[in-house]
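Questions regarding the structure given below will be posed in turn.
To keep things simple, chains are lettered A, B and C as they appear, and every chain counts its residues starting from 1.
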Amino acid sequence: MLNEASGIDAQSSPGGQQPAVKPDIIRIEGVHKWYGGFHVLKNLNLTVRQGEKIVICGPSGSGKSTFIRCINRLEEHQHGSIIVDDIELTDDVRQIDSVRRDVGMVFQHFNLFPHLTVLENCCLAPVWVKKIPRKEAESTAMEYLERVRIPDQANKYPGQLSGGQQQRVAIARALCMKPKIMLFDEPTSALDPEMIAEVLDVMIELAGSGMTMLCVTHEMGFAKTVADRVIFMDAGEIVEQAPPQEFFSNPKEPRAQKFLQQILQH
Amino acid sequence: MTDLSVMPPKKAIGPIQWMKRNLFSTWYNVVLTLVVAYLIVTSVGPLISWFFVDANFMGSDPKDCSGAGACWVFISQRLDFFIYGFYPGEQQWRVDLMFLLLAVAFVPQFIERFPGRKWLGLFGVVGLPVAGYILIPGGPFGLSEVESTKWGGLMLTLILAYIGIIASLPIGILLALGRRSEMPIIRGLCVVFIEVWRAVPLITVLFMASVMLPLFLPEGLNFEKLARALIGITLWQSAYMAEVIRGGLQAIPRGQYEAASALGLGYWRKMGLVVLPQALKLVIPGIVNTFISLFKDTTLVLIIGLLDILGTVQSTVTDPSWQNVAVEGYVFVAFCFWVFCFGISRYSQSLERKLDTGHKS
Amino acid sequence: MKKQAINARTYGVKPWYDPRVRSLVYQTLAIALVFWGGWVLVENTLSNMASRGISTGFGFLDETAGFGIIMHLVPYDATMSYGRTFWVGLANTLLVSCMGVIAATVLGFIIGVARLSSNWLIAKLALVYIEVIRNIPLLLQIFFWYFAVLSNLPSPRQSADLGSALFINNRGLYLPQPVPQEGFGLFIAGVVLAVFAVVWVAKWARKRQLATGERFPMVKVALAILVTVPFVAYVIAGDPLGWDVPALKGFNFKGGITVIPELAALWIALSLYTASFIAEIVRSGILSVSKGQTEAANALGLPNRLTLRLVVIPQSLRVIIPPLTSQYLNLVKNSSLATAIGYPDLVAVFMGTTLNQTGQAVEVVAMTMAVYLTISLLISLLMNLYNRAVAIKER
């Protein structure tokens, strides 16, 4: 199901018949952003290929959230260009709408809609944005709820679920729009330790299905298993980009070294 | 010093112990208790005899009242007028039917777990105005027409309060959204509208509706007095409603707006499907409270010459055929309002408490 | 790489899809709508007024009013202008509002505290008061006091006299009026001197306490100064205050101060009604100071009196004052119910009689609304200043 959603069956089929480089799906060039006089994002450049998994880390306040929220226009960038799935993010509302249809997002605090049941949360956008018939949307939603292993909670309200369950619902809700790209903003940092694993398992499985993922997280284990690239941000800049083994074993930049030291101490 | 200490602890204590603790704990409490108890005892006796013992309940005209106690005959004789105004007697079943529908729609709202409560509520908000629009003025279905000048009494009070609240709800929502809009001019207009209406007393609004509205409208187009009053009340009330709803909107966390945007919902869907359902639920107690205020404030229409329940009573107590029945009349109206407002405010308090605990869990 | 960027599906620059353009269009439309609406209203109003033969403008304010007003704080008689009726009404509105604010505050605080009393009877009595009064329409209460109570008082000839200088009848309450005589200035000087002395002593005592930690019995000393100094001045000046005692002449009392029953009824009803709301505000304000605060203060060794003064009251005032001011605002607005019983407030005099006689609906209504708008803006301005002051302290 997830394969179908990401629409890249042919390319990610096992055996790798097409070793050729997959097409770019996100292209970010020279992006700057200011909050008033405060320069949050400084000249960011990043190209993401289809199916690539990218983990973004960096100290708090370094602009990670702001950065990935620019990708679905929850924040506006003021300079440079962001092209998502061949659609440039400009002021044009139609372009923003179509990008948001292709990009799912999972938040640190889940942001489920508390007045709707789990199933209704999942069906809301497919029904109202994609105009899919309710029945169909519900059966799709149930499939995804099964994928995240909580089909039996479908008729409960978010408030009745544990944090880990809520975050898995949030993932399912985003997947119901059959996005090509998934953004995760610290999906596990609001969770109790025993619930982190259940969410990461779902994310690892999702990664295995070939979804393009950008994930802000400090979960090193997850980064090592899943990520194709780790991006380290500090003070609004991309300081270092490397495959995870390389990044975690010998970071080049002193700022990255210091950061890794700090998170390894705990 | 708080309320908690007023309640006796769970451990059973004797009445003497209780009185010692809650009535006679210090010398000044002893004095206070004695003085207050004396005042209560001396005033309750005469009140009871005025209300019940010496009062006259039976009869049909002023001569049946002895004058020693309350003359409830007056109320029972004029009750029709107090409830229906000049609505013709043989047509009053239409009003009764509306009272019944009103009760069917809203009384279950007080009872949790009443089957179909939500649907009845929806009927009360959407279906009831339609039914009322057909039944009360008449016209269609062979119902004889009754002009609005004949409406009065309790019926008119309920019409004013009900339409005032129902019509101000959508306007209030729009104003609240406008006040939180990112467009400065829209925001400014909404702020000015809301603040101006909230700053002026309802009387000036009613005056404006009754003397200025006819001047504003093109010649030939004119509303009845009742319709003009309703327009004034609705605009005035919608400003208060907007502020209540704005409070609810502010309480919705930013994450909800962001999640809705991230899913691709546009402004109106985001508001209509995600934000407003939550915000409105939060402010139900606030809406109920503004309703109580409005309900009490509807009495002001008598100043512009509409006969609401207080108006009917006021016009009868000055009726020379009944002497000195003002107190009885006022007590009757006060009782009607009190039962209604007290009941509803209790309901809204219980809702508030429920919402409170709902948020913590 | 370049190629893909060019291939990007940009939709071209359709301005209608730019949210900024949209918002500009919406706002322009809104402005246009407001102006158009305003223009239509003005147009209609002008033509309607012309067809009724009413001239526009504020010229009518200089015309002779020709009607009497039963109570006026500024000099007034029927030969004066409509403009003067505005000020008469405004002064009466402000008078009853001020009286109401004072009485409602005092009563409201007493009842609010009584509601939290450890005395069961007192607490319940306060509860009953609050729940009864605030659930009955104010207009009904005004009617009750005016038509059922005050007009049932005895006629002037059978006036109830309270201590031979105070008279109550169905025409009003008659009080003796103090008339300052020669030497009264000395007494005033004594009062002023006493106030200054108290302020100075208070400053000195505070300084000394901060420097040496010694406490000073400020309340007792202040009371002593405030009583003795003016008293001595009064005696030295030789009893400089005369009284104009009301006396029955013909059908009514003459002389002294008259509180007309309209004012009394409105004042009583407004105060009682608003007090019930203030009581609830006071109660929840006091309850809002958490028990932890009291405990912390007690743990620091502050005695109960000081805990109340230094910890509980300052914090609860912060909660109480904003809703309290909005109650004051409500009281001012509610004072317009005067119209219903004929107390000559702004609405009754100006929006009532003056409007009826001149037909200048637009001007009169606009002026009246402007008054209430000004009052409410002033109060919210004060409120904002207060909030800012509190916010600074919070840092």
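Convention: a contact is a pair of C-beta atoms (placed from the backbone, for glycine too) under 8 Å apart; a residue touches a chain by one contact, two chains touch by 3 or more.
By chain, UniProt protein names: B, C = Amino acid ABC transporter permease.
Because the structure is predicted, anything quoted here is derived from the model rather than measured.
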Fill in the blank from the handout: The chain whose C-alpha centroid lies farthest from that of chain C is chain A
Problem - Chain pair, A-B or A-C, that carries the greater number of C-beta contacts - result: A-B
Practice task
Determine the chain that sits nearest the middle of the structure, using the mean of its CA atoms as its centre.
Solution key: B
Fill in the blank from the handout: Separation of the C-alpha centres, chain B versus chain C, in whole Å, is 25
Handout entry: Distance between chain centroids, defined by C-alpha means - chain A, chain B (Å)
Key = 50
Practice task
Indicate the whole-number Å distance between the mean C-alpha point of chain A and the mean C-alpha point of chain C.
Solution key: 58
Handout entry: Residues within chain A bordering two or more other chains
Key = 93
Fill in the blank from the handout: As the complex stands, chain A meets chain C at residues 23-24, 27, 29, 47, 81, 83, 86-88, 90-95
Problem - Interface residues, chain A side, partner chain B - complex - result: 72, 74, 93, 97, 100-101, 103-105, 107, 109, 111-115, 124-125, 128-129, 159, 173-174, 177
Problem - Sites on chain B touched by chain A in the complex - result: 253, 255-256, 258-266, 269, 273-274, 277-278, 281, 361
Problem - Touching residues on chain C, where the partner in the complex is chain A - result: 1, 4-5, 7-11, 14, 17-20, 22
Exercise for the section: Enumerate the contact residues on chain C facing chain B in the complex. Expected result: 23, 26-27, 30-31, 34, 41, 44-45, 47-49, 51, 116, 118-123, 125, 131-132, 135-140, 143-144, 147-148, 287, 291, 329, 333-334, 336-337, 339-340, 347, 351, 355, 361-362, 365, 368-369, 372-373, 375-377
